[in-house]
Structure formats: structure tokens, C-alpha cells
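Multiple structures follow.
Shared between the two complexes below is subunit A, which has subunit B as its partner in the first and subunit C in the second.
Moving on to the complex of A and B:
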């Protein structure tokens, strides 16, 4: 079985991760059909860095994608959309390269192999869904008859064949998402870049989309699917890349990432009016490896298994009525991953 | 799409939902659905031709600036039509006023040594003659007042020349005011930018450019397709609008259109290339183009010496001066205006349009539009 997510080289991966590197599990999702580990990747980010003026968009990202589904999670501004726009040739990296089947992603040859469903919701609103998809097919160079045939097939595939004659401006968010996915599929690309495709879709529609994505993966397509909702991605794929602060903070299976967090000691700065009493209580907790007294009524706790530690910490604070005025994770990577794996939202830094 | 029990139908493919909520699919269904998608070939040339046609159709939806252009066309056409109907186009109806008999001095013949005597003031009388009446008066004067035949002949010659000059003044004035000042100086750039800035600017503002940029087409070819798509609309508006204004302008308008339409064609293409480039460079291209039209074209086009030679309007006017040279139309002060020949003007307009187009293709091909999403 192939590695769906495998950094191009271990050094690059290590640079992207503050945590120890991960090795994907040998047994992957069942929709990976052939072992292509020895073949060149369909989509390759090779030490890619992108700046927006003084702000860094993505930082030294190295990633190889082969057939299958890859989930991309991260907070707003983490760099997910930048990564996807680099893959679709809308942006050019300042450093490194992005390649689609060996073609520079910026060049038009690469776009033959890429289907893109953007997160923007702007269409040619006066068109019907059918006209829009057919237009996108014609712009891929298909004849009128061929474009129509493909349009009908993709509309059927996304479940929009019946409603596609209505104008786009009258569509619901879910219908618009379906049309976006249809236009991405219409030229049968090998690589599908789907930016928040599940956003605005009702539960039944989500199941249909998840099924569709798995079908596409079965056919050897490479899907990069971004989402804020890790739970949805978990239903779709076991392989995710977690982005935080313009870097790939973690990559691999969810189990591996969680194991990593459990095993990797996490440093947490806690500000309290009673640091000594609190330090004593913390040392009694099973997941706490050590406590250092810091400056200005603060303590630094080294703990493992954050999924268990944080609820216990909250219980301790409530039970003993400690006054906690500062709580900060000191490890950026872990900080970012925690935001997603512990409750699905970012742990805010304070202080 | 239907749901029955634990099975969903996605399009034509059956998808099962397991007891644990996991989705299972029938690969053969997917194979059937997508097998035909892989079988055909695409053509970049076909895609580009369709892009030109698609962009041409999208240009029809240019809204704001086109409505402004049409409103201006209506206004100017109405004014020109009313002036033509009133017969006020030429200098024939221009009037000059001669004021006579205001407090003349008279020398008293009996008292030569004495001071002149001021007679009681005579009320002034005003004579208001049109240029046409003056010319007619000059022609009839030799017949009303006996004068030597040589003087009468001279008077006849002056009167005839004046009548011819007055007759030609219609075309001269129409050219000078309606064509050079209003049309070339104002309408031509405004009308050109209404479509040219919309071609890319509209897509950028509407955030729909992403659909074109993710198609398998070279970026430079997208820029070129947009230009070819906007050109028919701009030419139709500029040449059609010019024809309409000339049509309501009487015979001098008809003559002006016959002489000047090639210059309008050349100016339109150059302006469109410039404003299309602005659309690739600026997010608010229409505003930048308006500022350019109102200030730079106007100011540069009016400056003495060689500075005006970087304005497109200058070369358009030079083409018009050259076309109407046989009708006595020329710059008011040729030594200051320093017009160029028609061949030079054509060459520069062509080089400018081609150069701006190439620069635009390079700029568009290299620019990363970060405002797409």
C-alpha cells in the first residue's frame, strides 16, 4: 500500500514539524487501489515558501500526494487556501516548486490534470448550472457535443441533473457547491483540489459527497480536501495534514498524530495567584511529568496526553478554586494541533 | 437523488451505508459513470476560440460604464442635432455689432482758431449684421454705389471669397468643435474605456476570473482573447456613435464621417489596448482610466511642443488633419501644434497598440491575482 502523505525528503519533513516525524501506517484506507509508491507523485510541493509582502503564506512545505484522499485541516490563515492556490497555478511559490504530474503548476499544461473547486462563491450568476459547467468544459477544449455529454454526466454524478437548468443566482449554498465540484470533474482530472467542499451542504448531501469522493479515489484520483471540520474528514480519510502558522504542523494518520501528542510532552505556562499550591496539586496528576516555578506567579508544566490532561486541569482549577489568569502552550506545533484535535477549535494564546 | 433504507444513490451510482455509518461504494458504477469522460481529446485552439466567443458574450453584460457612454451619446447627439436644425453650425449666422454716431466732434469753420465745438450727443445706433449679410452687402455694394470698375471687381472678389469661406466654415467648425474637441478629446477615450476596462476589471471585481485562470489555457492567451472579444464592442460603440453624431450633423457631419472614420478606428484600437492593460494592472481600472482620460490625455494633448506626442489623441487628430487637409482643416497654429504625417501617425498608433498588447500579455501572464478569493 502506498503512502498517501509522504514528505519528499525526511529533512524537509523534519523542518516542517516541530514534533517527531511520522510514518504512515502500512494499512491505509481501502480506496487506494494500486501501489504507486515508486511512481512519481501526482502533486508535489517541494520546499515551497510563499510570501504576501511581509506576511508568510506557506513556509517550507514539502508534500507528496499520490492517488487517494488527503485531508487538509487548519485554522483560518493557517495557509490551506494558499497551498491549494499554489497547486492550481493561481499563485507561484517564492521558493521551491509545485508540480502536477511533472508539470510546473503555474503552466497551463498542469491545469489539464487539475480540477479545482474554490471556496469563493462567485459564479457567472446569470447562467444556469448546466450552462456554467458546459462552459467550463468548452474552455477545456472539448467540442460542443462532447462538452454537453460530459456536462450531463458530471451533473448526474453530483446529483444536480434535475435542477441544473435554473439560474445560478437562485441556487442554495449546497447546490452551488455541487456545481463547483461538477465543473472540477468535467475534464476528468487526475488531481482534485477541493477547498471546503462540504461547507453549506446538508447532512444527506455530505454523505453523498463523501461517497463520491471515495469513488473518485477508488478510480485513482488524487484528492486534496480542505475542511475546518475534522470530524467530516475523519469519515472521508484517515490521512490528514494539519497546517498551522503557514507550516505543515503534522502529517499522517489521525491515530499517529494523536499518539504523537500523547507521547510528546507539552509545555504549558500557567499564571496563577497561588503558584506553589497549584504546582503541588499538578504534580499529583498522572500525566504531569514536571513543574517549574517561573517568574511573576507563573509555572511551567510539562505534561503528556493533553487530551486527558486539559480536562483534568480544568477540573482541578474548578475544584480548588484557583485563580488562573494565564494559560499558554509553549510549543507552537502542538499548540496548533491541539486546537483541532481537542474540541475542533484553536487554543488561543494569551499573554 | 433518492434515499431508501440504507442505500443512497449518487447520480447513477449506488452507495451503501454500513451499520457503522461507513460508506461503501460499488466501483463498477463509478467506472460506468466516468469511463466515457476519459475517452475524448481536447484542443487548446478550440478552447481559445470558445474563450473569445464566451468573452464576447460576457462583454454584452458590461453595465455601468456602457450606460454612461450611451447617455453621453444621447446628450451629444441631441445637442448636435438641435444646433444643426437651428442652422447654427457655420459662421454665416455669427454676428458682429457696429456701433455708430456717439458724440462726434465738429470743427466750427468760422472759428478755426477756436476750440472744437462738441455737438449734442447723438444716441448710439447699433448695427447687427450676420457674416452672411455682410458678405451679401459686400457683393451688392458695387451695384448700389457708383465706383470705378477696378474697385468693383475687387469688391466682388472679396465678397466671393468671403462667401466661400463662410460655406466651408461649417465643416471646419464641425471638425474643430464636435470632432476634435468633444469626440476625440472626450468621447473616444471614455467610450473605449467603458468596454476595455470591464474586460478584466469586471472579472476581477466579480471574482469570477478564477474560473478562467484554472482552465488549461496559457494566461497570455486569455488576455489576448479578452482583447479580441472587447474590440468589436468598442469599435461598434465608437464608430457607431461617431456615425450617429455625424448623421445628425448635416452634410458637414456626413463629410466628417467619410474622412475621419479610419482615424477613429485607429484611435479606438490604441485606446482599447491601453485601457485593457490598465485592467490587468489595477483592480479599479475604470477609475484609473477615467483619471487618465480627463487629465493626462487632455493636458498632454493640449501642451505645446513634443509633450503631446505621448498622447493617443494627438495621433488620432493628426490622422484627421491629414484626411481633411483638402478642406482647409488644420491645427489653429500648426507651428505650435507640430502635427505628424498620416503615415507616421498610423505607424505609431499601430506600434503603440501592439506594444501595449504584448506588455499586457506579459503582465497578465506573470501577475498573481491575490484578490481572486
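Moving on to the complex of A and C:
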């Protein structure tokens, strides 16, 4: 896929995004009902470029985010943090614009609609969690009473109400994550930018956080979640934006992106009592590029265009009355897709 | 999470406070961080010693002036002649409610102010940069300038708590001990105190925030501040008074520059300042103005570059 990761073309358009095969389909995005697709996006990056001196942070990025959860993945230095800082108005784009609900992300009006949980967790260590969240609420412009009310509700929400009186100095990594998420939620923003929110959280906490994020998405919030924990991200959403070399390499559901990787046909393991006969029949199908005989009556099929292949496979099985006792796709996980998308680049995987 | 079902968010229908008011919580956090340190209170108490000396000196003067009929008066175990005591307090120590009193007070307070500010700088500002806490501020509806204004406001509170506020208390005390007409006749002094305080507030807060933004850590901050406000004054004094260099070298002493301007604010003649060889008031003003402007420009560049400073 050389055209996915090449530098921006001279006309200033992101080829990856312009390539029709990689355009996201908003109507298929999670939590987006079809009629919402016509509404203005909650978060819009419009041909955004950001330079850090001679280094380019993000390059001609165009991205529309609507209610729902979008995972942001990519290797270190791909531009994820820059993208998030642009969305939270901490950075100003050199070219293009970032808009939150129609407001320039750099403006205060936009910041009222954005919650940000950064990857750093350096707070004022002498403060208690409660004081910290309340302080952040006051910074949002709430009165003291309202700030307190919201602080208590948010602490309850992230499961920190009991420990919130302790000083931040004594908090574990997971507790810090919860407090960070609390301060991001305290003003009930429409757009939530979460940088590695699952890092350092125990398995039970992760499940709780995932449930919380889903709940927020169902309530119409737009969540942009950066994570190296691909398995967790996969549980959370299948709508991802893949970043590589300061650009968006692909946006869409994992299935959509997988479908478009023509250079990497999907590998499907089929267990059958008649593997050789089935292999012969499969080879006659136009989307099948090859079939390998596997172990224990199984075959591995390499097929293009899964949307067309699977119905044809179903038809074949029914027509020939093959006994299929196992059907498994081998490389459609987020990790495999990212591996293909990023080519030789290392896909970060922690935990 | 127990909370997932306990989410009681409701749409916010109230009015947000203006963005400009976000300066206040920023300043409040900074002050909170300082006020909870015992070292700060110890230094502040030391700083107040000078105030108490002036305060009780003025009180003693008022009392001694009522005792002039006596040959001697007893103060604790010390016996003194009232006339001489009045002379000492009024003419030598200048605790006479004139511009001298407040000018001297500001001058002497300078030492403690500098020590407190040296310590405060890294706590107030440097830590945010050093530990990368800035995203928490900047992702809220707080502009970069509001952030800096908030920090400057916190510094201003420190400065004024140690200089302007005590000076105003001395002013009020003298008026109450002397006569009500003092308040009317010395209106210029009142404004002069406010002007001196404002001058210190603007210059020092900008310099401190700029220095703390640049240096970040406590030790370099203290070293730089000590150089500016201890080493440079000694150097200036040595050059001008010791080696008889041009009087303009005294401009190196920034506290002295502020003193010259403060002196003018209080309506005092410059030839009342010792040593006499001083740069002109406008020169001191230009220097402090230029320094403040430089700090402002630096801060402007710095906050634009905050994004890449990690």
C-alpha cells in the first residue's frame, strides 16, 4: 500500500483520505444513526497541518468525528498526541482548522465542550483528588456550589468517591487515571479526548471504564480514545483512525479497513471433513487467491473482497453440502490490520 | 464501576462565569500551594518583623510625645529622655508619617520580599512547566494569558502582602495616632504608597513569572534571583561608590531603581536619597519598563511555544 503512507501531495490533499477506498463511511460509524451523518460533526479537522519548527506534527489531516467512540492508534511519534492537543485547543494549527461544534478549537467556546484526559499524570501532589477535580471545575467557570456538586457526581462516576480525600501523592497509577478522567468529565463535555485512559488500570477497572465510555457514547458524546492497548480498544469500538507518519492512514470500522487492504488478502481457516474437495471448489471462486491445506482437515484460504467472498462461500457450502465445523478469520484483528497498514513500522503493544 | 448507573448529569443551564474570571482560580491554586508551606509562613513572619518595628516605633513616638513634660521615661528596663527619644524616632528613624517612613519601609522590606519570591517562583509557575501539568489548565476554558495573569496575580498578592498592605496599615496608624487631618493632608502619600506598590507588583511579578517559566526549578530560580537582587546591588555599589564608576552603573541594582521611582511616587526629592550619586528617575523608569517589556515579550513567545516544551 505505498499510497497510504506517502507524504502529502503538492496540492495539499491527504491522499489517504482522498483515496475512495479509504474514506470513512459516517453512516456506519458506531452510535451514528444515518440522519445524524448530515449534521455537522462534533469534532472536525479540516486539512490540518501542524509544524514543530522543522518537524511536522500532523500533515494535512481531515477527520470528522460524530457521537460515538473512535479509537486513535498508531506508532509512537505518529502524531496522535499532536492531534489530541489540536482538538483540545492546546495547539493552534499552522494550516487548516479544528472545530468543535462549529467553534474554533482554539477559542474558549470550544473548550467548554471538550474534556481532555492527558497522558501525563503530574498534578499538584499536595492536593486531594477532590480538590483537584473541583479546581478544574472552577476553571471551567462553574460557581463554587456547582463545582462541588459536579465534583462529587464525577468522583462517584469514576469510582473515586471514597478515596478522593487522600492526597494525590499517595495515589496509584490507576487512581490517577480515574481522577484524570473525572476532571475531563466534570463539565459534561460533548467531546472527550482520552489519551491512554486504560493505561495502568486493573482488569476490573478496565471493564468499568469501558462500560462508562460506552454509556457516554450512547448519550451522544464523541469520544476519541488513544490507546496502545489494541485488544481493549477493540472491545470498546471497532471504529478507528490509524495514524502513521503524521497523517491519517485510514479511518473507519476495522472491517471496512480490512476490506480495503487489497494487498493483504484475508486469511480464513476453514475446518471441513473434505478439505481437498473444498479447496478445489474454492480455487474456482474469483476472489480466492490461494488455498493452503492445513492440519487436521483444515484449509487456509486467502481471499480478497470479504464482503463478496463470504456470501459465495456460504452458497458453496450449502450447494455442495460441505460439513464445515470451523470457520475463523486469522488476520482481521486490530493488531493484524495495523500491522498491515503500517507495513514495516512497529505497532506498539503494551501490557 | 458503581457510578455508571449513578450518572446524574443534567444539562448545565446556569451561566458560566466570564473567561477573564478564570484568572481567579488560577491565582487561588497558586496561593493555596504557597500558603500551605510552613517555610512561607516562617519567611512571612520574618518579613513582618520590619513592619512591627515600624508599627511599634510609631506607637512609641506618639506615646513619647505625650511624655515630654517628664525628665525621663522608662521603657521596660531602659530609661530615656522623652525629647531625645522623640528626636531618635522622628528624625533619625524617620517614623514621622512622611514619605521617608514609607520609602524606608519599602526599602527594608525588599530583602524579605526577594527571598520569598525566589522560593515562590518555582512553586507558582516552574512546577507547571517542569512536571507538564499545563495541559490540565490549557484544556479548560483558560487562555494562556489568563493562566499567566493568574500567576502574576498570585505573585502580586505576595508582594503586596509584604509591602503595600503593611505600608497602608502604617499610614492609617499614623493618622489615627496623630490627627484626622493627616489623612487629608497626606493624600499624596497614600497615592504614593499605592503607586510604589503597583510599580513593584507589575515589575516583580512579570520578572518572576518570566524567570520561573524559564528556569522552572527552585535552585536555579533562587540562584538567579539572588544574583539579580543581591549580587547586582553589591556590584553596583562597589562600582559606583568604591571604584567611582559612572552613576549609571547603579542601574544594575533593580531594587534601587524601583526605589527611585517609588521615591518619586511619594513626592520625595531625589537629593534626599543616600548615596547621592544616583541615576535619574526617568533612567530607572526606562530600565524597569524595558525589563518588564522584555519579560512580557518572552512570556508571549514562551506561551506560544508551550505546546512544544515538554
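Please note the rule applied: the second predicted complex is superposed on the first by the 231 of 351 C-alpha atoms of A that agree within 3 Å, B and C clash if a C-alpha of one lies under 4 Å from a C-alpha of the other, contacts with A are read in each partner's own complex, and residues count from 1 in each chain.
One rule holds in what follows: contacts are C-beta pairs under 8 Å (C-beta built on N, C-alpha and C of every residue); 3 or more make two chains touch, one makes a residue touch a chain.
Just so it is clear, the model here is predicted, and its values are computed rather than measured.
S.K.: Sharing subunit A, do subunit B and subunit C clash or fit in the superposition?
M.R.: clash
S.K.: Tell me the contact category for A:218 with respect to subunit B and subunit C: first, second, both or neither.
M.R.: After superposition on chain A, A:218 lies in contact with subunit B alone.
S.K.: Have a look at where A:120 lands relative to subunit B and subunit C in the superposition and call it first, second, both or neither.
M.R.: Both partners, subunit B and subunit C.
S.K.: Applying the document's definition of touch, where does A:108 land relative to subunit B and subunit C: first, second, both, or neither?
M.R.: Touch partners of A:108: subunit B and subunit C.
S.K.: Under the stated touch criterion, which partner chain does A:235 make contact with: subunit B (first), subunit C (second), both, or neither?
M.R.: A:235 sits against subunit B, while subunit C stays out of touch.
S.K.: If both complexes are laid over each other on chain A, which piece of subunit C (57-65, 183-191 or 291-299) hits subunit B?
M.R.: That would be 291-299, the only stretch with clashing C-alpha atoms.
S.K.: Quick check on the output: what are the common subunit A residues between the subunit B footprint and the subunit C footprint?
M.R.: 52, 85, 88-92, 108-109, 111-112, 114, 116, 118, 120, 122-124, 126, 135-136, 138-143, 146, 153, 156-159, 183, 187-188, 208, 211-212, 215
S.K.: How about subunit C: which of its residues touch subunit A in the complex?
M.R.: Touching subunit A: residues 1-4, 6-9, 11-12, 14, 16-19, 21-22, 25-26, 28-29, 33, 36, 127, 131-133, 135-143, 306-308 of subunit C.
S.K.: Can you name the residues of subunit B that touch subunit A in the complex?
M.R.: 1, 3, 8, 10-13, 15, 17, 21-23, 25, 27, 29-31, 33-34, 36-38, 40, 42-47, 50-51, 54, 58, 61, 206-208, 210-219, 368-370, 372-373
S.K.: Which part of subunit A faces subunit C closely enough to touch in the complex?
M.R.: Spelled out, the residues of subunit A in touch with subunit C are 52-53, 85, 88-92, 108-109, 111-112, 114-116, 118, 120, 122-124, 126, 135-136, 138-143, 146, 153, 156-159, 183-184, 187-188, 193, 205, 208-209, 211-212, 215.
S.K.: Once bound in the complex, which stretches of subunit A touch subunit B?
M.R.: Checking each residue of subunit A against subunit B gives 52, 81, 85, 88-92, 108-109, 111-112, 114, 116, 118-120, 122-124, 126, 135-136, 138-143, 146, 149-150, 153-154, 156-159, 161, 183, 185-188, 204, 207-208, 210-212, 214-216, 218-219, 235.
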